[in-house]
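Written below as structure tokens is the structure these notes are about.
Chain naming follows the written order as A, B, C and D, and within any one chain the residues start at number 1.
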Amino acid sequence: MPTQEMLDVTGFLGLSLRAGPELGLLALACLTFLGGTFIRGRLLWGLVGVIGLGFAAGFSAIQSGPAFAPTRDFFCFDDVASCVRLIVPILGMLMLPILVAEVDDVRAADIVGCTLCACAGVSLTSMAGDLVLLFLGLEAVSIPTYVMLYLARHDRRGQEATLKYFMLSIFSSALFLFGASYLYGLTGQTRLTSVSSNGLSRGILELLADPSSQRFDMPRTLAIALIFVIAGLGMKITAVPFHFYAPDVYQGTSPGMAGFLSWFPKAAGLIALLRVLGLAHGHGEPFGGMDGTLIWILAVVTMTLGNCLAIWQGNLRRMLAYSGVAQGGYMLASLAVGPATHQHAGGVGPMLFYLAAYGIMSLGAFAIIAYLNDPEMPVEHIDDLAGLGSRAPIASWSLAICLFGMLGLPLTVGFIAKAQVLLATLVSPMAAGSSLIGILGLLIVFNAAVGAWYYLGLVHRMFLRRPLGPQGKCGPKVQLAAGLVCAILTVLLGIVPSWLGWTQIRQGGRVHAIVPAVTMVAKP
Amino acid sequence: MNSPDLPHYLACAAVLFVLGLVGFLARRNLILMFLSVELMVQGVALNFVAFARFRGNLDGQSFVLFMLTVAACEAALALALILALYRTQASLDVSLWQNLREDDLDATEDDEPLPGMMPEAPLPSLPVAGIAPARPEESNRV
Amino acid sequence: MFELSSEVLSGLALCVPVLPLIAAVVSAVLGSTRPSLAPLVASIGVLGAFAASLLLLLATAGHGGAAHIFHYGTWFTISHHSIDWEIRLDALATAMVCMVTFISFWIVIFSQGYMDGDLGSARFFSLVSLFVGAMAILVLANSLVVMFLGWEGVGVCSYLLVGFWFRKPEAAAAARKAFLVTRLGDVALLGALLLLACQPGSRALTFDAVFSAHLDAGIVYFVLLLLLIGAVGKSAQFPLHVWLPDAMEGPTPVSALIHAATMVTAGVYLLARFFPGMTGESVDLSRLDAIASVQDLAGGLGAITALSAAIMAMGQSDLKRVLAYSTLSQLGYMFMVLGVSGEPRGEHLPQEVIGVAAFASIFHLLTHAFFKALLFLSAGSVMHAMGHIIDMNRFGGLRRLMPITHASFLVGALALAGFPPLSGFFSKDEILLELWNGSLTGGPRSAFFAILFSVGLITAGLTAYYIFRAYFKTFHGEEKIPHEAGHHAHESPRSMTVPLMVLAVCSVVVGLAVGPTGILHHYLSHSSHWHLHESAFSVNIPMILGVLAAFTGVAVAWMLHKAAASTAKKRSMGLFESLADNRLYIDGLYLATLVRPLAALGSVVGWLDRELISPLIELGATVPRMVGGRFRSAQNGLLQFYALAMALGLIVILAMFTVAR
Amino acid sequence: MPPEPFDFSLTTYYPIFLFLGAVIGFAVVSLLLSYLINPGRITTSVKQMPYESGMDPIGDARQQFDVRFYLIAILFLVFDVELLFLYPWAVATYGEYPVVTPSLQTVLFWEGMIFLATLLLAWIVAWRKGVFRWR
């Protein structure tokens, strides 16, 4: 039930202004859908989308600042939100050219509109202070994704990919909703802050249970509800065992679309997870009273299986899909560390950093693959990249840098991201289960070593092998440009990672470069 | 005790949800699979409404509104998608869509084909009135 | 010598790693269009780095004291401790970086002649510049994380350069082996870093923070142990030495630069920094004990490597492999002296003893870099002339054909053997002296040091033998030229002989200039935590013993060579029967004393390589593959199977968190 | 806020259940009767045929709808569901007991208009895409 002070006019308009970037993106998406039926043209709509996202990024950048404290409102403008709202439009600007270059003029406007919608969805998820908004944000990512999957490629394989993604996505969305309904039932409201903090008074318990016989065990019910929610989100994060669709869908769809899938839904899922588990704020009880064991288990299984299965892959996009599964595992590992407390920075900041870094590297890799993909002679197998180093040096170096980044070699942003996650697990032990978290750090190291196997194998093929057969033509230059930008960012942010965030001066006048990591330090 | 209690609603919703889940796993017709998911969502909707009544606020009701809208969007997409798939494959069998898998695994064979996969025998034409129909050896008594 | 303002110093220090890195990028970019410019760019970059480091050396030579730390920016932050882009300029780092850039410069010059006409030479020069940059980062870094960055960087460059001729399957295999084996060490180093990062005191991960942190003795032990494993991997000590001889598949200048002079010495450099540094400011017995037990290990491994590698070198017919095993052996020397732990000795504090030992190893590191680079380059010059044939049985008597190469190889060989007054003599003497002194204290470890000393002495004799054996085989006797040489069979071009001459002069002069005069001693006493006390140069027993060993080695080599030559003559002329008998006698001795132990050791090492190290690497690859293979069949493409798996996963999780609780 | 006492009990649905019972009963009884008085269970292909008053049946009994109907159905579905929002909106803003202040009424009015405009936009898109064209 909305409170009365929220329902006054100025508050309402102010709220609309604050959510301006997202509302603007959605409006622009509508206009693009409409305009696309009148004027066709890849260039035009691509430009419209990129400019719109640029404005959104600028608007978010202006908005972000110390004025945004965590609230218990429908919209939650806190540090997580301001961080994500800056990253998403920027990655969207990199994503759009890749996608638009893959479709023809007729579908360009539609795919731009869908991308804008999905970007707005991720942003909305990050701002969600309420289950309703969270759900809408997630669906604003999912529904355009279904359409885009079909638009990007609609031969038999594309159709199969679309079918699998669609069916499993709505299935997992039903799981999420089931959990959400119980969260609502247990707390009596859809506000998230109460869901995860102290909304569980004894009174509710007594009301809910039959007075004559205790049929409900409240914390257990809460655990069930949270598990359903996590399972529902797990599909988007591609956490094992909810990852099955990923390799098939990546393989079946176009490279650019695979790049989209590798980041946007995953980001939405992870951010939703940290919202639901109450990790975004340094107060309240994390994990809804459960300890982080479930996330710990998911993280370990996800990164290990992702890497182990990636070794086997011959298909390029399939391999990157499993690599994406593993990367999701690292991010889950970071979440398992828990929220910031007064003593340590927690795992949320490193997770957000990792998310941004992975976005850049993954988009770069898929951009280059999209660029190399020739419809006549598609780049499907990893051996299709053999001898690329001499044929397309810029593309192959960009791809190699992005792969190095995902592997976590020093001087790439991936190294910083992995180091932060690793040190979050090692340095800031939680009050409970600290040894578990420490083990998690070791497992991350081992997994990174396994990852080296297939990432370096790919680089090895590109530079140290002769091409196996005739080579296709390269695609539009704009995809190469996007990939190159990503590669440059990967290196640049590896040297000066503070550019990824914004520098803030906090207690004691100390300058903290890694924004998300610090801003999550608990507020009194 | 005449009026149903909250647990009754929850049980009913859970039954709906599980029926939908089993349907999704067991039915092989794409449309029925989709409808099974809808069943799951309706179960959740029942949960929300029941909780809303129990809690005495409208949060759950409004959640249901949004849920139904989203479900409608998904239904529209599902119909469009299934239509397109049917045009390609001339069948709604979900197990026909298994070409994307690990590359050295064999395709999973059907244990029993779906009804409708077998061609039906053509209908006999009726004899002219007044002539007893020939009753050949096919008079198999059940 | 002269004063420079802090800003200028900071800028100069930045130039050292940055100029080669820029040169690497530029020559890589230019490589595709103007490959002929790549050597020029690389040499300018490395020369700039050398000039900067020379200025730094001269500017800091006058005044000692604390290290300069130059801050250039923040890299990233670990829970309130930032990892910064900082250069730490102390005497040790300056001396080291000066040596690295100087030798790199001459090797780049040499490579212009050596790599002339090779396809992809732009790639070569780009990688060499990159290597110099990475090495400078390794040496100059203030933060351990940045140092690790350089450490990995040189490893990657080494991998790429060993596999430079990747069309050759041996080169590709050698590169992979080098990469994987050193990776074992790198993992240990990373472990040490993580362990330090977990300690509240040393979380900032700079050298000063680590050295001044109040660490538990157990932590000190494990950190140093992990560092030792890292150093063993990088410096190719037993049992991780297997990659270095194979790495000779790379171009010879690379062998000279990376696998003799610079990269492989990084492990010694690391330990020479850490052993004295970790002692802390005050005498803490448990801590010293922890350090000493790691030092024992270092000394033991060094002794095994020094002796076994020297024995291996005696039987090789491949000139480059002789030099490779010689490098192993000399690195073993440096490790051996690092094993001299701080038992109180006379009026000297334990810290001082460790410091002096570290000084001895660094001194040998510096002189070794010059003469080993010289030897490798001379070998490269021979190879160049002989059409890339490196088997010593197929050429000989080249001293008239290639006079400059001959002279420089001779100088290098004399220096390596430790003939006075060449550079190897002084540094080897320093090492032997430290071991000798250690054995004289009468402490619990004096027997151990006595063994180390005798190993050092034997190795000195063997060293003189194998290097002069190679020298006589290559440059003396009947002139023999393989047919592959073709028209190449003449002295190398100027671009190759000039570096030889320069390095030869250095090999002669450097030791004499900085050793007995005490210049290096005085200069390095400024590096932090070293606590060097002044000492005067004097003739002593180990020195005499060492020179005697060297003479014996050369004499044996000469006799064997003569004998071999005479048997060849006998076969043609049928004369000198007594000499032939004599030769047979020596042969028998050789067989009994050297070849049999060599074969045994070789089989042990081969067994280790085959049964322990390779399986370890294999295991690392097999387990994930196996795990992946198990779960692969679940990915069968059936949508409903996926949904079922999701549902089952959900049920399992539910059971775990509700029923099982 | 205490919950409104709804009059929600199964007794309200009592006639429906009566009706339902009657329908099911009739169906069961007629099936049972035909089963009981069936003389000999002889099945021939002719007997299995759909009954078309003595004529040869033409085509299948299952009529397949034209694909175009589905498109219309999809469109209807999407627009129809939007009514879900209009009803609460109208009741909350202009109902007998509006839950909002008059000043907010204006805002909510325009918000509703924006919602309808979005629908209109979607309708134009559908129109331009040629969904309404009967091809």
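Things worth noting here:
In this text, a residue touches a chain if its C-beta (ideal position, glycine included) is under 8 Å from a C-beta of that chain, and two chains touch if they have at least 3 such contacts.
Just so it is clear, the structure is predicted and the values come from calculations on it, not from any experiment.
Note on interfaces B-D and B-C: more C-beta pairs are in contact across B-D. With centres defined as mean CA coordinates, chain D is found 17 Å away from chain B.
Mean C-alpha position of chain B lies 70 Å from that of chain C.
Taking the mean of the C-alpha atoms as each chain's centre, chain C and chain D sit 81 Å apart.
With centres set at the average Cα position, the gap from chain A to chain B is 32 Å.
For chain D, the set of residues touching two or more other chains reads 1. For chain A, the set of residues that touch two or more other chains comprises 1, 163-164, 167, 171, 247-248, 312. Along chain B, residues 24, 33, 54-55, 57, 62, 73, 94, 97-102 each make contact with two or more other chains.
Chain pairs recorded as touching, per the definition above, are A-B, A-C, A-D, B-C, B-D.
Residues 32, 73-80, 82, 145, 148-149, 152-153, 163, 166, 172, 187, 190, 194, 197-198, 203, 620-621, 624-625, 627-629, 631-632, 634-635, 637, 639, 641-643, 645-646, 648-650, 653-654, 656-658, 661 of chain C touch chain A in their complex. The touching residues of chain B, counted against chain A in their complex, run 5-7, 10, 13, 17, 20, 24, 30, 33-34, 37, 40-41, 43-44, 47-48, 50-51, 54-55, 57-60, 62-63, 66-67, 70, 73-74, 77-78, 81, 84-85, 88, 94, 97-103. Residues 2-4, 53-57, 62, 65, 68-69, 72-73, 75-76, 79-80, 83, 121, 123-126, 129, 133, 135, 138-142 of chain B touch chain D in their complex.
Chain A contributes residues 1, 131-132, 135-136, 139, 143, 146-147, 150, 154, 156-157, 159-164, 166-167, 170-171, 174, 177-178, 180-182, 184-185, 188-190, 207-208, 210, 215, 247-249, 251-252, 312, 314-315 to its touches with chain B in the complex. Partner chain C is touched in their complex by these residues of chain A: 163-164, 167-168, 171-172, 175, 220, 223-224, 227-228, 230-231, 235, 240-242, 244-245, 247-248, 290, 294, 297, 304-305, 307-312, 344-345, 393, 409-411, 416, 419-420, 422-424, 426-428, 441, 445, 449-450, 453, 464, 495-498, 510-514, 517-518.
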